[in-house]
Amino acid sequence: MRPSVRIALAGLVLIALAVAVGPLLLGVDALEQDLPAKLAPPFWMEGALAGHPLGTDQLGRDLLARVLVGGRTSLLVGFAASTLACAVGIVVGLLSGYLGGWIDRLIMGLGDLWIAFPFLVLAIATIGVVGSSTPVLITLLTLAGWVTSARVTRTIVKQVRGEDYVAASVGAGAGHLSVLTRHLLPAVAGANLVMWTFVVGTMVLVEGGLSFLGLGVRPPAPSWGTILSDGRELLETAWWIPLWPGLALTLTVLLVNLLGDGLRDALDVRMDDHA
Amino acid sequence: MTEPLLRVTNLSKSYGALRAVDGVTFEVDRGETLAIVGESGCGKSTLARCVARLTQPTGGSVRLDGVELAPLSRRRLRPLRSRFQLVFQDPSTSLNPRWTVGEIVREPLRLQDVRGDVPGLLSEVGLDPELAGRHPHRLSGGQRQRVGIARALALSPDLLVLDEPVTALDVSVQAQIINLLLRLQEERGLGYLFISHDLAVVSAVAHRVAVMHAGRLVETGPAEQVLGRPSHDYTRALVAAVPGA
Amino acid sequence: MLEVKDLVVTAGDVRIVDGVSFEVRPGEVLGMVGESGSGKTMTMLAVAGLLSGPARVAGGTAVLDGTELTAARLERLRGRRIGFVFQDPATSLNPLMRVGTQISEVLRIHGVSRSEARRRAAELLEQVDLGPERAGRYPHELSGGQRQRIVIAMAIALRPSLLIADEPTTALDVTVQEQVMRVLRTAQRETGAATVLVSHDLGLVAEAAHRIAVMYAGRLVETGTVQEVLGTPRHPYSAALMRSRPRVGTGRGPLPVIPGYPPAPKSRPPGCAFHPRCPVTLDRCAKETPPLVGGVACWAVRDD
């Protein structure tokens, strides 16, 4: 494994562990308000409070606890949505590319329409009607993300379906299911795995953006996006409030992209190196 | 009169207005090689794919040992597929690059749910059975084509449809594969439908030759006659165009 | 006149071309034959300074009409003094440009005026058996053979002194091959260019070349006139290659084969690279590499 992949994996595991176990070890309630302690700066600044190393927000809630707990939502939404989006994309892309003809044109046409449709309008409308919750966010982001994966999958399937080894398989009696699962799915797996890592980054960011706009998880429950959003009016005085979720978000996206880059290089085996 | 191994009658395949294969009739017997020669775009590869039923012909009949295959559905055809197998032109695209040689040769056995001897098949085509664990990109072109032939033999077919099987190979390797095909035919009594544009190669393998032009067979006969004393103008042009003949 | 001396091409630690020397006189066609991995294409790419990827020239010289072909000079000489015809005409032409424009473009780049270039383009089309009315066509409107003839017209547009044709007809049909080769040979005769015809097809080389150079595993193993090399080959590899070639009219039956496979560049055997496949092996064959002496590189032949 390349060093960059190793670093990225280790970093992501650390973040996941911190988010999962951190709040328990910390023993501080992320929702507990303590108005006298509001807007405490981080530890290295004058006026920092013991027990609040990263400072507090305008309601005196501990920022370390909030960033850790908020990470649960952000990462859950990000990883779940990108995984589902890629899964839906693979299934749709496989069918579209394999079946071809009018089904292919219909699916890809819908995909184009879908991409052209402003996602934010859909998000506002949906959340306006059913309200916001983690499952709703995951569903929305999945709906927004499947098309890219479907297109990439379809392109690969179109090409591989015409390869002679698929013809040989059919000639030996392979049915549709066998061709799809044995030849085509493995052929699209690599590209989708790489794409998945990039989509994770995007999804975490989009969740942050939605929460920032007030369309994400409902306060007081935190996510990185909502903490950022809370801190926006106080940027000049209490800049540390958006700093921490911003850093966490940036670091996560960076690591995931690093992982994607590494995987892409690792999976890019030259199949035809007959020098 | 006994039924020939393969009897193709009035076979046609159209794509819209284009008649790629236009009423083609021929027979192939056990232990016999019929070569279909012609230039690219003449329909010979489409013909191969129709006979191997990788594509459904639009008309005519394909009888293997008297059993009509042309109208059968993909599902009904499946158990009959072990009787006829295909060998492709380019061994670098006809082997799944993600699979090992062993997995590739075993695939037909798995699909038809029969037992088979993969190391035995590899030795039969002149490959070291040790190569079973390798991926195709680590083999030479000639070795890859041997893998393709081993896969085609896995189900013990009666008929091999060979679509330009030595075209992508080097001269010295071409001769090896030609000799291998001749030996296998003799040992197994295989019928060959041998598609090629290369008259020199055809002359080394074919008992009979059929010349295809614009979707139709313009001349059919014993190899010496068609290649030595061609009667159709197009065949004459083909033979005259062979460099260094 | 092209003079190549001790050319070495490496990729990493692998010597793809290993000390190749040959000459081509003006007006002469040298057929360079060999199997895949023999280094025949690499040799000519190196001469033309068109190597890519990890491959690079690690030794030797190439001199064209007294001028050494260095990387800096090749930049200017390609197109003007050196013309190319590659295997696939589809990738040699710009699909978005009319073929006439592409031919005149070659002339325009080298300082020919617009009207003169147009006139010359029409002439060149004529020269490759295509009517001037084809000038307005796009590559996709032409057949493979016609496209390759456009490429030939472009290659000879500036009357180069070296013409390199790498498998010029391999992608074409038999009946079209003949015409393209005729056009190529006429063009070559008219320009008087020293020509290297790289091909795996012995029959084609026999008809088109004056002399033949046989490559095996990165080295020249035999050179000579077409009659010498094809008629009475001396190197065991050339001899075996001629025998194993199927021919129209020899009838059905097994061919004499060379056992084994041509070695990959990174796993070439020591000594004479052909010795593991050779029917006549001496002790020294496995230890010492035979030099090319008197047109053949073989210990057994020299000891005769």
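By letter and in written order, the chains are A, B and C; residue numbering begins at 1 in each of them.
Note that a residue touches a chain if its C-beta (ideal position, glycine included) is under 8 Å from a C-beta of that chain, and two chains touch if they have at least 3 such contacts.
Given the structure is predicted, the values throughout are model-derived calculations rather than measurements.
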item	value
Chain pair showing more contacts of the two, A-B and B-C	B-C
Longest centre-to-centre distance from chain B, chain (CA-based)	A
Centre distance in Å when chain A and chain C are each reduced to the mean of their C-alpha atoms	54
Centre-of-Cα separation between chain B and chain A, whole angstrom	50
Distance between the centres, which are taken as Cα means, of chain C and chain B, whole angstrom	32
Multi-chain contact sites of chain C, meaning residues that touch two or more partners	36, 264
Residues within chain A bordering two or more other chains	274
Sites on chain B at which at least two other chains make contact	140-141
List of chain C residues in touch with chain B within their complex	35-36, 173-175, 177-178, 181, 200-204, 206-207, 240-241, 244-259, 261-262, 264
Residue ranges of chain B touching chain C (in the complex, touch as defined)	33, 39-40, 140-143, 170-176, 178-179, 182-183, 197-201, 203-207, 223-224, 227-228, 237-239, 241-245
Residues of chain A touching chain B in the complex	163-165, 167-175, 178, 182-183, 186-187, 270-274
Touch list for chain B against partner chain A, complex	49, 52-54, 74-75, 78-79, 81-82, 85-86, 88-90, 92-98, 104, 107-108, 111-112, 137, 140-141, 148, 151-152, 154-155
